[in-house]
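Across the two complexes that follow, subunit A remains constant while its partner is subunit B and subsequently subunit C.
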Partner chain A sequence: MNYHPFVIPFTVGALFLFGVVFYKFYAWIAALDRKQKFMVKQNIFSFKTIRAIGEIFREALVHHNIYKKNPVLGYMHMSLAFGWFLLIVVGKIKASLYAGTFFEPPWLGIFFNFFAVDGHAFSYGEMLTFTMDFLLLIILSGLALAIIKRVKSSLLGMRKTTKHSRFDRIALSSLWFIFPLRLMAESTTASLHGNGGFLTNSVGHLIPSAIAPYAELPLWWAYSISLFVFFVALPYSRYMHIPTEVVLILLRNWGADTGEQLSGYTDIQLNSCSRCGICIDACQLNFAAGISDVQSVYFVRDARYKTLSDEVVNNCLMCGRCSNECPVGLELTLVRQQFRNKQEIPGKFYYEYTEPVESKAGVDVIYYAGCMTHLTPSIIISMKKIFEAAGVNYWFMDEDKGVCCGRPLRQQGFIQQSKNLVIKNSRIINSARAKLLVTSCPICYKSFREEYNLNLPVMHHTEYIEGLLADGRITLNASNVTVVYHDPCELGRGANIYEQPRNILRNFSLIESDYEKENSLCCGGSLSDAILDLRLQLKIRDHALGELTKDKPEVLVTACPLCKKSFVHGNKARVMDIAEIVAGNLKVIARKKQSVRKEELQLV
Partner chain B sequence: MNKADVVVIGGGPAGIEAAYNLARDNHKVVLVEKEKEIFGHMQTAYTLFPNFQDASEIRSSLLQKTKHGNITLYNNSEVTQVSRENDFWRVQTINGLDFIAPAVLLASGFKTFDARYKEELGYGIYKGVITSVEFEEMLKVGKIQTANGEKPRRIAFLNCVGSRDEKVGNHYCSRVCCINAVKLSIEAKKQLPEVEAYCFYMDIRMSGQFYEELYRKSQEDFDVNYIRGRISEVAPTIDNRLQVKCEDTLSQTPLKMTVDLLVLMIGIEASEGTARIGEQVGVNGEYNFSKSISLHTADNKTKHQGFFLAGTCKRPLTVPETMADARAAALEIDLYLKSLSQ
Partner chain C sequence: MKDLGFSISQSRTIDLDKSDLSAYRRVVEKVPSAKLCLMCGACTATCTARNHTDFNFRKVHLLFRRGQFEGLAEELDKCMLCGKCRLVCNRGVNTRAIIYNMRIILENLNYKSIK
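Then we have the complex of A and B:
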């Protein structure tokens, strides 16, 4: 009879866990928005599901992404997750072989050594016992690392680790007890019956034979109770990420989109956070400004437990560094945006006084400088010079008057107001029937790309200038000026424009910085954080400036008027927009030659 | 190493006035000035508010004072190092001068805000955008004109450029620009009666004696217009004039205006010397201005014995305030030196 009352806590806990988890899954999937549901239906029976299963294996079990960023941390996660998973699977196989049926009681695999005191008297018994001991050893080594991480995170290469909630502490403590208790229980049984493997038998030998008979049952009870506590705490603790991440990976592979409004997919993302704290180290508010309680890990936690404060939602540069580093791949900036979006405020249009802009027909290119570029007139002058040099038939849409692209409002959550601006601008742009829209501001660029439905392609001036250079419509004088390039958040991480500016800057002496491309820093001037104290903003700027100008470049080049304005005040190096440095080095060619070439060129 | 009773750093109104008063009390004063010429910012002044006194009169009076027998003036002598040596202060300069004295007076003054930081205002980009200092120089030579040498039809003055501005990190009010804009607009109207003058402001702060009266007078007698709003953008027009944009916050409407000259009323910041010496000696306060030991009761003393402050190295001050402060500093130093000899 493979039963003893001590299996009850485990069994009850496991039933509770499965009940709660499946209820939650059901509720979230029911709360997906229409588009997300459509994507699920569309892709559930496709190759994408197989790809997702591969990813589940790689990320939920092996934790490949964490391993890539920090091998020790990766090993810790892998040993616990994959080790435990295998322990359950191998335990199940072992129990089935022992019982001679696939439908043995579920606890048999878990408490196998207690019931199977008759040693390895079944097929592959010896080998399976060895495997189980080996897996337990791996898990225990991971556990040791986890304890070290909690006590001193710097030993595992982390500057800061997450501060935990009460449920997390309960779950964490029980998790820490589970495997040592299992080891002790199995070893005690092994010392009495000799049914252990290399690990449990060895430990069993160390247990005095006088104590073993009395210690055996209490240890199995304790093991079962620790499982019970962990199972019951799991759905309310960060460990909910273990089952949820599986659903997240499936949905992501099926093409679910975070979207504008909160949905079941938001809940799934919130619950998939393991609170590893990697985002804290990635966040400039932490390492440059000393704020360590608003990072994505805390935002996600508070959002999940519905204790979100305005401070946590709004004190964020939305630079995307955390999303970039997140090993689970959560779309943290987009989720935060969802919580910023205001539902109750009606869409009052604040720009009634603006005079309508008459669309100009018959041009090839529309140039939209954007509000921020109007605050940096040298960029506008440079762009005019470049257009002229390339002989472009363009229309400067917001030269005299114009309205904002809408993105700053959107980032503060005024979706409806932002949409009004989108409608207004779209009408002007689309009715011009031009071939290309060029903007100087990465914020506008992202807005045009993502929020507008335009009848023409959009380019940021970095892309456009690169094209003009590649097609020989403008050429640059050779220059030895040393430059370092700063990737603006919205253009780099936001729109993946990394190579174009670098191609342009090959004409100069380009120095690399430690914070390139995806790893680039925010200049501190982000429009997305309306509550950050100015002094802290300046700290962020000065830190970024210090890093960028380490190798003493003559010019710090960026491609965003806002970054330029932030850095100019920092007084560390000459700051120029990429359009300025190009315009300043234009080689003047005879206009005639150009107009001939114009016919054959792609760029208008 | 040369010995002196006092080394005064800075040959502007504060430094000269203090040096003169110390010299009259029979102290040997060394006055070091970093520039070729003395007078500091008084050099460029045309007239002084609120009574339109000719600045050249002030300059000649100051020049006279430097001629006192107890004063030795050194030009082109930027101070590089101020250090404490036993009970003395040692002051070294860029041209190799080396003084030792029981007392030092810091009168290193202010610098004006670099308007290029506010790129949206177009300074250094559009020729019609000038600073209040440059406009004062135009008044001085009697030639108010645009870059093309034409007479301006409309002049705009913009207050608070680099003052009360979070974005450039200066939260404080520079105190003198409001009244200075009133003075400049009146002077402009005196020289060019046909010109239209507009002052753009956030608040008009007329705190000094006769300031409010002058503000009224500028409107009643000189037809100067005041618009409450900060200019946000400047752009060129086709005919090479300037279009300024702002919100008229009293009527709550956006406003565009074409002007020929835009005069930026640039604010006051601690000069580089003030910041550097303050840092060396350890008397740096907010915004790099130097900090006295007590604003109310010992505003010329610092936490270091024998190291004194006078004038705009402490905060934005008007000319009369600066001169009075310099005399007070001279008195403090006199008492200090006497206490040493007893």
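Then we have the complex of A and C:
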């Protein structure tokens, strides 16, 4: 009879775990919003599911993403996750072969060595025992790294690791005990019966034979109890990410969208966070301003346990560096936005006072500078110069009485107000029936692309100027000014525009900084943070400026009026918007031709 | 009479002993830089909303400071939070955050977060 009372804690714990996890999954899936449910129904029986299963293997078991970022950390996660998974699978196979039936009691695989004292008297027995010992060794090596990480995170290439709550510590400690206890229990049994593999037999030899008979049962009991504690703590600790990540990957592949309002998908994202703390190292508030208690990991934790404070929600630049680094791929900025969003008041309209701007008919291009660009008039002057040089028939929409695009309101959670502005601007833009909308502000650009329903394409001026250059409508003088490019958050990580500005800047001598593209820094001027003190904001700016001007470029080029405005006051290098540097180097041939033509006309 | 664009303000008394100054204290707690404001009006000069209406950061700030909340919530709704004022402020006051917090405090119920 393969039974002993010590299997009870394990069995009870496992039953509890499955019950709670499936109840939670059910509640979250029921709480998905209509659009998310629709996407699930659409894609559940499609190729996307197979792709998702591949991703589950790659990310939830092998932890490929973490491995790419930090191989040691990747190995640690893989050894624990994939190692344990294989230990369960191989244990199950071994137990089934031993019992001669697929339906042996579930604890047989877990406590196999205690029950199967008659050595390897079944097919593949020795090979399987060797595999189990090998897997246990791999897990123990990962565990050693985990302990080192806890004690001194810098040894594993992490500057800061997460500070855990008491509950997480209980789960963590029980997890640390499971495998050493398993090793000790199996080794003690091996020293008594000689049924171990290379690892357990060797360790078994070290155990004095006088102690072994008395230590055997207590060790198996301890192993079972540590499993029980871990299983019971799991759904309420960070280890809930283990089962939840599987659901997250499935939903993401089926095309679920984070959306504006909280939903079951938000809960799934919150529970998928493993609190690895990679986002803390990525956050400029941490490494440039010295704030280390508002990062995404703490935001997600507090949101999950419903202890969220105002400061944690709002003290964030929303630059997107953390979402970019997150190994689980959580949409941290969007989730944080959901928690900022305020309730809408039905039937209420805002900004009734704005005077409707008459839209100008018969133009090809509408130019919307944006509020911030009005504070950097050099960008407007440059854009006008470029439009004229290219001979574009354009209309400067917000030259005099413009209204905001609505994104700053949205980022602060005033969704309804933002929507009212969107309606106002859309009406003006759509009634002009132009062919293209060009804006100089990445914030407006993102807003136009995502929130507006326009009858014309939208371009940021970097895209537009690149197009003009490619078509030969404007040409640039050869220049060997050394420039470094700073990717604005909203244009780079926000709208994925990386190549266009670089293509323009190839006309100059472009040097690379350490913070290119997805890894670019925030200038500190972000509007999204209504809490950050000016002093700290300047610290972030100075750090970013220092990094960008390390190689002493003559000009620091950016493509956002807000970034320009922030950097200009740092006095480290000459700061220019990409439109300015282009306008300053325009070949004037095209223009001369036009004026010549005018003179000819006058003569006629 | 020719309208020169000036008018006489109605006489009124502001009794600071009787006004509710606690709301402003809450704002200062959240945005300490509020204390630096000189009421110079640079923020108002650049304001996007001011371009359309008589919205005036200096005015709302002063009214709130003195605890005169009458009609202030509607006035604050005129702000688009675009943040220009914060950039021009020569004292480094986070004017945008002040407006944001005044809004939250005044319309606590309407601006309820969906936590």
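The criterion applied here is as follows: the second predicted complex is superposed on the first by the 582 of 604 C-alpha atoms of A that agree within 3 Å, B and C clash if a C-alpha of one lies under 4 Å from a C-alpha of the other, contacts with A are read in each partner's own complex, and residues count from 1 in each chain.
As a convention for this text, contacts are C-beta pairs under 8 Å (C-beta built on N, C-alpha and C of every residue); 3 or more make two chains touch, one makes a residue touch a chain.
Since this is a predicted model, take the numbers as computed values, not measurements.
Once the two complexes are overlaid through subunit A, subunit B and subunit C clash, as defined at the top of the document. Within the superposed three-chain model, A:421 lies in touch with subunit C and out of touch with subunit B [touch as defined at top]. Contacts of A:534 after superposition on the shared chain: both subunit B and subunit C are touched.
Contact with both subunit B and subunit C is seen for A:565 once the two complexes are overlaid on the shared chain. A count of residues in subunit A touched by subunit B and by subunit C gives the higher number to C. Judged by the touch definition given at the top, the superposed model places A:378 against subunit B, while subunit C stays out of reach. By the touch criterion defined above, A:262 lies against subunit C but remains apart from subunit B after alignment on the C-alpha atoms of chain A.
By the document's definition of touching, neither partner reaches A:507: not subunit B, not subunit C. Judged by the touch definition given at the top, the superposed model places A:404 against subunit C, while subunit B stays out of reach. After superposition on chain A, the stretch of subunit B whose C-alpha atoms clash with subunit C is 224-232, while the remaining options among 224-232, 314-322 or 332-340 stay clear.
When the two complexes are laid over each other on chain A, subunit A has residues 353-354, 374-375, 400, 534, 565 in contact with both subunit B and subunit C. Every residue of subunit A that touches subunit B in the complex is listed here, in rising order: 353-354, 374-378, 381, 399-400, 534, 538, 565, 568-569. Considering their complex, residues 30, 32-33, 46, 48, 51-53, 77-78, 80-84, 86-88, 92, 94, 96-97, 100-101, 110-115 of subunit C touch subunit A.
Touching subunit A in their complex are the following residues of subunit B: 117, 119-120, 122, 125-126, 166-169, 232-235, 243, 253-254. Those residues of subunit A whose C-beta lies close enough to touch subunit C in the complex are 261-262, 306, 308, 313, 338-343, 345, 350-351, 353-355, 371-372, 374-375, 400-404, 406, 408-409, 412-414, 417, 421, 525, 527, 530-531, 533-534, 562, 565.
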